[in-house]
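What follows is a set of structures to go through.
Two complexes follow with subunit A in common, the first pairing it with subunit B and the second with subunit C.
Then we have the complex of A and B:
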């Protein structure tokens, strides 16, 4: 009734950069990344994780440099400023398609987890509809609501990390970890590439920075957020290598979930069920950020209302989710999205940075002449 | 037509209407008032007796002006405006009119029916000032002035309600409260129309809400003056409605509903732990029943075998599915709660027996309800009483029902979906434009009012700044 006059603060504290990075990077990948990295660099997989993390820090640095050059506008605006209206719009559309494929991949994979572990009989469409109701409701509140929801959800799930103590206690470090650097440089690099697919998502900084109160302060928070995520991945990887044997880790599709199998209390056991359910909160937060970026992009490119953009995306996502029926199809999509993630999270920011530099250089030269 | 006749017309159908005339030394003075609304003693001592004592010399040149100087009453004014006179008469004033004059004299003789100050009953607490607000606005304000005697304290008065003509006061501390919020509140109040009666501050609070469609209270009501003062010092605005023993504080965050007045007066560790206890109780009261339903219906894997044996044994005698069983018991508890509120205290004991023993014990023995569920639901209800704010307690009580249904439909996933919905809903709410759920302040806010934790007094930025001078760190004590 009095909603119109309420002027809720629209700008966020720069600390929320950290929150957004957390939820975009730790999604479905966190549940099942061990196998893919281990396949390449075996028990030195943790080195691959660290290498990939360092690369991510470097790329993030370039992203922040680019943002600073363009006064913390979002990527869609930067596209227009670099490439002009038409080509820039096309680039933005490609980016939106990438985020769309990521969102479909995440949602469908999570539903697959639910199907495997908890509810085999509930159709994927029902879960998708449930998710979309939540997403729609939160999106209508804007980025402020998304930020708050992400932070609360992270806190509700974060305590589970402390339970890793139990598998750590049973890990056989000496047997599994030594000798270090048995894999060659090539293997380590291949492992890093596999890890890169999981690590992608930190380029969310591109889109949210213009909604922060003091955008110049985000760099510290962004790097710090990335550091925490990397540490978490390294820790989980180390624990997995120590806890599982080689066969176990290669044949286990959901490495992180199985870590929680042995956690047990007097009144609760098989904590992986609890983790799967709580993970829903992370997935929702992740999808919220994804969908916000997509609606924002469509709004910028076509100047449509966010409401309609969101509905269009959801209908398309629902259809895609229904089309992906079997686990094999899902595996194919996952591999594809993994490659796209490396491309768009690592290669594309570097490309944008270089192009932006050249364009700026040429333009200032042109002005001087 | 003289003012006398016009007033007679207006009050023709009011049996309280009294028009008394005195003739003093040949001149007639009319005194009009509504009996029972005006105070008898004030009338006789403040108007009648002074009039009779006038000597003939004074009477000859008697004017309302002169009379105003003679009558020993607190407030008085000259008036010949019929509408104003009627309004004032209804409020207990008396109208003194000298025969054949134009102006008359309005004198304040209202009778006050006021209960004496008493201890806070709804927010009773072990520490801190014990006095509570009463129904009389002026008394409430004087309680406030006593605690905050500073010229920064602003009280602006408005009148609301077409019929009830209730006085509403907006109270805030200048330089503390946000000017925008004050003007927003004022504009909202003035935009309210077509209100016949404003009988309580809770009604006003609902009319001023940011969002009508929410289950959660977004303005805090309290009956303790010290709580209001704490709020005012923490940049809040208080609303008082004449006739209501509750003040309304806004803007608030959700955490403040879990604060109790005595948190601030306890040792900080105790206060902090009590707040944590209350938050845990909140979580327990909302989730405990639905978790039971989800675990028994879908996720028996997560329960260790020994515990599962007990649970299943207790449930096996019950012919209903867990969700139905839980809903039945929850409704029963709700009935018990609701009936105990308005029950005359003489019948209260009977209800305890009926509710506690007959329904509880008999239902378990008859195999209608498993005794573990009974225990769990009782735990949840007990926890909801721990939440210090009653309005919030009621809201939490209601949230359980959709969660139980979701748990029955999709198990733990349903509960989490419901939780996520609640979080999003809370994140969307604002109270006077201020976000309702602010996780940034969750652990330690700038001032205590926003946070879950109770900070140490010395650490709070605004409070007791003189204490914040750091002592040079010395060696350990010997």
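Then we have the complex of A and C:
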């Protein structure tokens, strides 16, 4: 790390690691994760959420270790350094495909929410195109703009968490949470796996760390960010378990949105509409980070201009979004992306850590010999 | 200079984006408030037997454009509650929107057959909030929504206010869509809904409808309703009248009538339910009732604390026997609106706890009531 880069105005304060973690982890999953976890571990679902959160902390620790080993270069560069140009490039492409599927999954699911709640008649393609215009515009400003936009968006949405007070008032925790640990260990683990799909996204530190001032300081911020996200998920899960009854939670595809259905003010009948529209800010921030990672990846692998890379991805995403026509097609894709998320957020960083360790060990041995 | 050019380019981009947003707004469905018929209440009944349709739906909507609270009922029959919109729209000039719906009424014959499919559509519908009140109407919901009330308020608003008041400080447990579904989807609890009647030019809540799953199977009178609501947790009642046994109180006053009644106001109840025997099962129900004593039906000198305590003990005995009576009735019918099953499930580790299993256990369950009544004060005079 040379001095010129530290002083560069395009670098961000390491605190932004937290912001990036918030927006990548809390996206569409936050609106609908309860059902999938509850299905596995029933009223002990909150334990599953905690277990998944602890696993995420451990994996994040490994990610940070790997980054430190490679002087906070991004994952695409790490791939090249571990596997060489060709195989490393292939790995990067796979990662880009994964982020692509995540971005399609998030945008299409959000459009589904818009379809169900507000604009039943507007075609998905129109929404996608609108989103892409915003994204393209913000992307041209680079990661710094994305970081600040994300921070502002988070602050605009964050206050909604206070409204959880209303469902909390009606929650019957004593009846719903006890007895603790009724689900077996296996169920808890299956629940954690389901939760993993929602929690995925913390590996964003792989890609943004090299744009931070003093990147060695990101560890604390990253772990802290993850902790906040985990706490939020646990709280929402606890509220949902207390507020809904057993089969009610399983019946509800949008658990968090329905929590807000009881919030009612004299001047505002239904608050979840406000939540949905505010959630747009979170989705935009999330997609911005996604698209930035993808364009960055394509730039690194093929050395193409970011602008063209971005346009290519967007055209592909637009086609994918338009191909997904019905709710059940979307459900199939969502399940698939959920599995990919567990694989790429949890398993892959561990794999990279081990391989990096071995490669380093072999190389230093080779040098000594 | 280079950066400046880039910045400029980006700024030029902005108006184009804004222009597109302007054009795209046309894609969304416009809802102009003057042209909407806003639904306030919906009623469902069984359709006539000779027709092919299954459900008769009555909607109560505000007259479009009118500033008064007047609402107009419209009815039509169809096979599904939402499919009927097609037929209703042939009868109304306004576009009916359901987002402001407050009350959903089900005719008793329909309610006895089960209403879950009709409530499920509410839950499925993103336009409807979960604080809609569900009620059972005597005879038919159409009749209820067509009824005039003495206050001459719009029927929809009147129903809503009537229910809301009695939920907050009366004997009606919350019958919102959320609470109904919450109880329905819970293995150890049954829903309970208010039962509305039209008597002459008056709409009133006459009793509570006991629901077994989603079917109405009986009802609770006012005393029983009080007992059930008191058992359902911390509640607030405006007033409650308790009959006292005169025999044991004879030494404190000279009875002029055969019976003695006290009326409490601002009644607060606190209830704790504990499982004390897992096998029977046996429950201990601890009820603490506090209230201001506002009226005694006979002349009693209340200067002595001893007298007040004696009245309190008698009130406890009466309440206890009322609680026991209502539990016997509920056990006979095998419905559990209080949710003892939930208490059982949360304190005993039972594998595959199901509603059917609980109904069998509930029939055999025993309840020990520990009632404590406190008269916070006896008013200004003593």
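Just so we're on the same page, the second predicted complex is superposed on the first by the 361 of 369 C-alpha atoms of A that agree within 3 Å, B and C clash if a C-alpha of one lies under 4 Å from a C-alpha of the other, contacts with A are read in each partner's own complex, and residues count from 1 in each chain.
Methods note: a residue touches a chain if its C-beta (ideal position, glycine included) is under 8 Å from a C-beta of that chain, and two chains touch if they have at least 3 such contacts.
No experiment lies behind these values; they were computed from the predicted model shown.
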| item | value |
| --- | --- |
| Touching partner for A:130 - first (subunit B), second (subunit C), both, neither | both |
| Which superposed partner A:245 touches (first subunit B, second subunit C, both, neither) | second |
| First, second, both or neither for A:107, with subunit B first and subunit C second | neither |
| Subunit B versus subunit C as contact partner of A:270, first or second or both or neither | both |
| Which of subunit B and subunit C A:174 touches, first, second, both or neither | second |
| Which of subunit B and subunit C A:145 touches, first, second, both or neither | first |
| Touched partner set for A:293, first subunit B, second subunit C, both or neither | neither |
| Partner chain in contact with A:197 - subunit B first, subunit C second, else both or neither | neither |
| Touching partner for A:121 - first (subunit B), second (subunit C), both, neither | second |
| Set of subunit A residues, in rising order, touched by both subunit B and subunit C | 118-119, 122, 130, 134, 137, 140-141, 264, 269-270 |
| List of subunit C residues in touch with subunit A within their complex | 6, 10, 13-14, 17, 20-21, 24, 27-29, 99-100, 123, 126, 129-131, 178, 181-183, 185-187, 189, 339, 342-343, 345-349 |
| Residue ranges of subunit A touching subunit B (in the complex, touch as defined) | 1-3, 5-9, 13, 15, 114, 118-119, 122, 130, 134, 137-138, 140-141, 144-145, 148-149, 151-153, 155-156, 264-271, 273-274, 277-278, 280-281, 284 |
| Subunit A - residues contacting subunit C, complex | 116-123, 126, 130, 133-134, 137, 140-141, 170, 172, 174-179, 182, 244-248, 251-252, 258, 261-262, 264, 269-270 |
| Interface residues, subunit B side, partner subunit A - complex | 180, 184, 187-188, 208-212, 298-299, 301-304, 307, 410-413, 415-417, 419-421, 423-425, 427-428, 430, 432-435, 437-440, 442 |
